[in-house]
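As structure tokens, the structure follows; a few thoughts come after it.
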């Protein structure tokens, strides 16, 4: 935003009033008597009305974000009867990296349902850095996954990897996952949207928040019934964790922009011993749910075993969610 | 770590057992029959003994971290009677970016003491990106700060900016803060250590966790009675927050390495509306305390007003810490 | 690589010999008498044979990179009669961000051909961060582009944005461009490969070099006749340039791994005044060509006008390439 | 900059004229008829006068950068008789990471002088990540270094590590190096400035260009007779090079801001096999010199041997600089 002052206002005094609102400003001088103030992006949120009400402010000029559909989206998205977003009980989405067999996924689903999990996740089509790694069992795995979920009262989320298969994924799931590597695969975003299903949109490895919000706008413009953001860590320089979990982005999107966000602590950490602390931190920051890689026997997982937690960890998280509801309900 | 297998072991089976422990491994092949496995840094923590107990493992070779003093440091540091670290009630350190006057800091100290804060913070010597910005009131401000703290039963933390002034800072404070820009100012680390006081060591803007731990070793080797780590966000690419708060590093250092860590959500976010959510997230991730920029009237602050929270926010955090103690005590 | 020493070797002496080869090593100790050395990734390239020839070295164990097809690829790729890669005259690929009309692209092609450019580039299908921005004229633009190129003796490169349109793009171009946002869109990589055309593979905004090389392996495994890497800047923290051009990666891939690399200084800089200096730097670092956004009238460009250079700049680059050929030919 | 339009101007037409100048703009709307345009930082440089001369522009409002001393600094700095900066022959600064003995540095100086090098570099006080690594031979090494330089007609550059030793360093050198870890050690910057010597200011590992320029302002405000910037790579995510060399920053500071910049390809790459290609690229981007770690026997270096090049490489660079002078002289 740009702030134009009244002709007789004292710029230092106005700057103090803006700081009191949480706004950092840069001051631009021209030939006129009064400077213009440009609000820095890491300022606290304030509405045009709040700023124009300040003594000494003449006018606020704003920039179009170009996200009309996202701006109009409700803060809570219903996914097959489960509400996700501000003020709702956080949801748990769990399951293995890959769906490995019909028996495996059914056994996992049974245990997860007992642990208080609402969504079964599992990969049928897997993006793999190497062309020679296991790429998932494909369409049959989707059937096993949805059968297992239905048998145990769970909802289903799974990743759509390409335009050619997105409709088949949509036919089996309640929530279509778009992976980090595809956050700006625009034809896929539109094809996923065209199925009319809600979309779980993972953040790209180095995507800015604005790019992420605009990717959601692509989904909604394509026809998606809703978008749930999923923060999974951004790329950084320290090798001791796989990625850096950006909970500032979670607090911003969930608490300020009021869109539903879930957090994937498994890919953020890459290491099992940090999954629970980061899961708790995510909920404290305002996440509306968690997406957790879970495997009953991580040593036998076909992919990502080292970062999978066991089912007891999920039960622990579910218990903490039960116990942790604040007096006035979830924020 | 490097893992050497027994001559008759099945590498795939051993790899599965390692994954079950949370270890990712890369496989190196030579002319011998058996490969060597190198453990990836983002693996879960496992001891040499745990790994050598696995079926098929012959030997584990490890790398010296070169941190004997830090390895020997206790998990809880006592700072003027206040224990900080694992299992202790989280501490609150709060106060203005700059000590602005004797009256200001006394008034703030009175209110913070009532709000449940234990440490008074305030800048006397301020690092400033521009040479023409306010650099703090210097030594007089240290006196005002320590008088105010003593009058209201608080401990004192303040930043030492250079070798020439560190002893004067040490004379007034209970905990010497080393700022992010000085995390690898080795003469200062040693000079601060030589005072024998405990040190609050902020992480550099792009410091790896290993560099940060070794900077603490410099402090301890110089004579510091203890080091408390302070995560304050690392530099990244998104302009909507000032930095990215790396709670994975916090969970790792506090929960796995067992050293005390406090978190500064103010500099991490840069924006007031994210300070509380990130403060809560930090505690959930295992932080032993919080360092929060607070100002009774942020619009009149001489520096960093837009990111300062008011005293009510501190009281709120203190109340949540009181309410939030888990049945079995703090982790 | 892991280096095993001979039983009687002096580890310090071997470490010195490794340093003399340009290798940094970490030392891992077990119960045996001799440590193992692990070579750090930012070491100079050295072959297993070179290292095993050192006094005191018993054996080198290496890791499979998993890129058999890329390893077997020749260092020079022929694209419609133009050789690209080590030792060849650097190629110039130029043209507007978007193909705007039949007349526009024909006029540009005529002028570029006179300026010494070999490849005409232009966007028909454009990835756009916002769903409401101009997305290119689509298939008709491909026809205009290839007609213009053919009329003036140029080759054609244009971006394929999705699986559904890649064959249509392939029908019109000599070289299929895969954009940064799609570097790990694996179905697209394979579909582009299946056309049998060579691929210009732009690096993802935060892709590691290993991920980039493996993405090329996906293309080759899918059937591509060759892959030319295109460095276009990686995401970083400074707002004064759009991205940070990573010429270390260029020198590494072209000079050490011996694969052809071209550089896009336009997207790296984002600003016209840095395009020429970065173009020169790219050639000096070993790039086999340049991809430059060019527009005869940047003020009227439908997209990316501010970073486009004019045709005189291209003529200047072509002249410098002519003048700059080292006595012994291009490196 | 903020651009105010004339009341009857067509915003789209003005936006096109700005693009033609290389400016990206964001458009801010208020209640008035005309929007304001804010120029994006990665735009090409344009003066207020150039913009105000455009049809439709009423006024340009600018932001104070707060660098009066740097703005007034000349584009070429004379260091003990050697001019460094735009239009001058690039200088070579070379020598070992550490000064190891009187004999060693004298032998190196003799050979470097013959190779066409102008400055001898060598560490006497070394910053080391670990407190237990070799920290340099201290003050005696400074004497050996300056004696060797004087004996062979070279100038001297060496690092000042702390306030307590900066004067002793200044007494022996022609150019005081401030290391990356100290780029924002403000007391050191001022103490180095107070010696009146010129300063070689290395960029911090994650310092923005604006922070770097302001650090130079601290030096000049402290009394430095000039500042030469040294780009040595910024921290990023790829392990195959030690850092990422940011030649966009070099082109910007040398070519647009017109301050002298030298480049350290050794620390940027970390690997010997990329030092020459990056050195060539730096000169092509506009660097006024190179700072290269050189050792006659890298296998015996006390520090950083793997990234040191041999003396033949320096002779090669000197020959290329001789051969490479453009017809009209250096840019």
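Order of writing sets the chain letters: A, B, C and D. Residues in each chain are counted from 1.
Keep in mind that, in the parts below, contacts are C-beta pairs under 8 Å (C-beta built on N, C-alpha and C of every residue); 3 or more make two chains touch, one makes a residue touch a chain.
Please read these numbers as outputs of a predicted model, since none were measured by experiment.
Chemist: Going by the touch criterion at the top, tell me which pair is linked by more C-beta contacts: A-C or A-B.
Modeler: A-B
Chemist: With chain centres defined as mean CA positions, report which chain is farthest from chain A.
Modeler: That would be chain D.
Chemist: Please tell me the distance, in whole Å, between the geometric centres of chain B and chain C computed from their C-alpha atoms.
Modeler: 40
Chemist: State, to the nearest whole Å, the distance from the C-alpha centre of chain A to the C-alpha centre of chain B.
Modeler: 27
Chemist: Centre to centre, by mean C-alpha position, how many angstrom separate chain A and chain C?
Modeler: Chain centres of chain A and chain C, defined by C-alpha means, are spaced 32 Å apart.
Chemist: Scan chain B for residues touching two or more other chains and write them down.
Modeler: 206, 210, 234-237, 239
Chemist: Could you please specify the touching residues of chain C with respect to chain D in the complex?
Modeler: Touch residues, chain C against chain D: 16-20, 22-24, 41-45, 206, 208-210, 233-234, 236-242, 244-249, 251-252, 255-256, 268-274, 277-278, 280-286, 297-301, 305-307.
Chemist: Taking the touch rule as given, give the residues of chain D at its contact with chain B in the complex, in rising order.
Modeler: Interface residues on the chain D side: 66, 127-132, 161-165, 181-182, 184-188, 204-206, 210-211, 214, 217-218, 221-222, 234-235.
Chemist: Spell out the residues on chain B that touch chain C in their complex, using ranges where they run on.
Modeler: 1-2, 4, 26-32, 35-36, 38, 59-64, 235-237, 239
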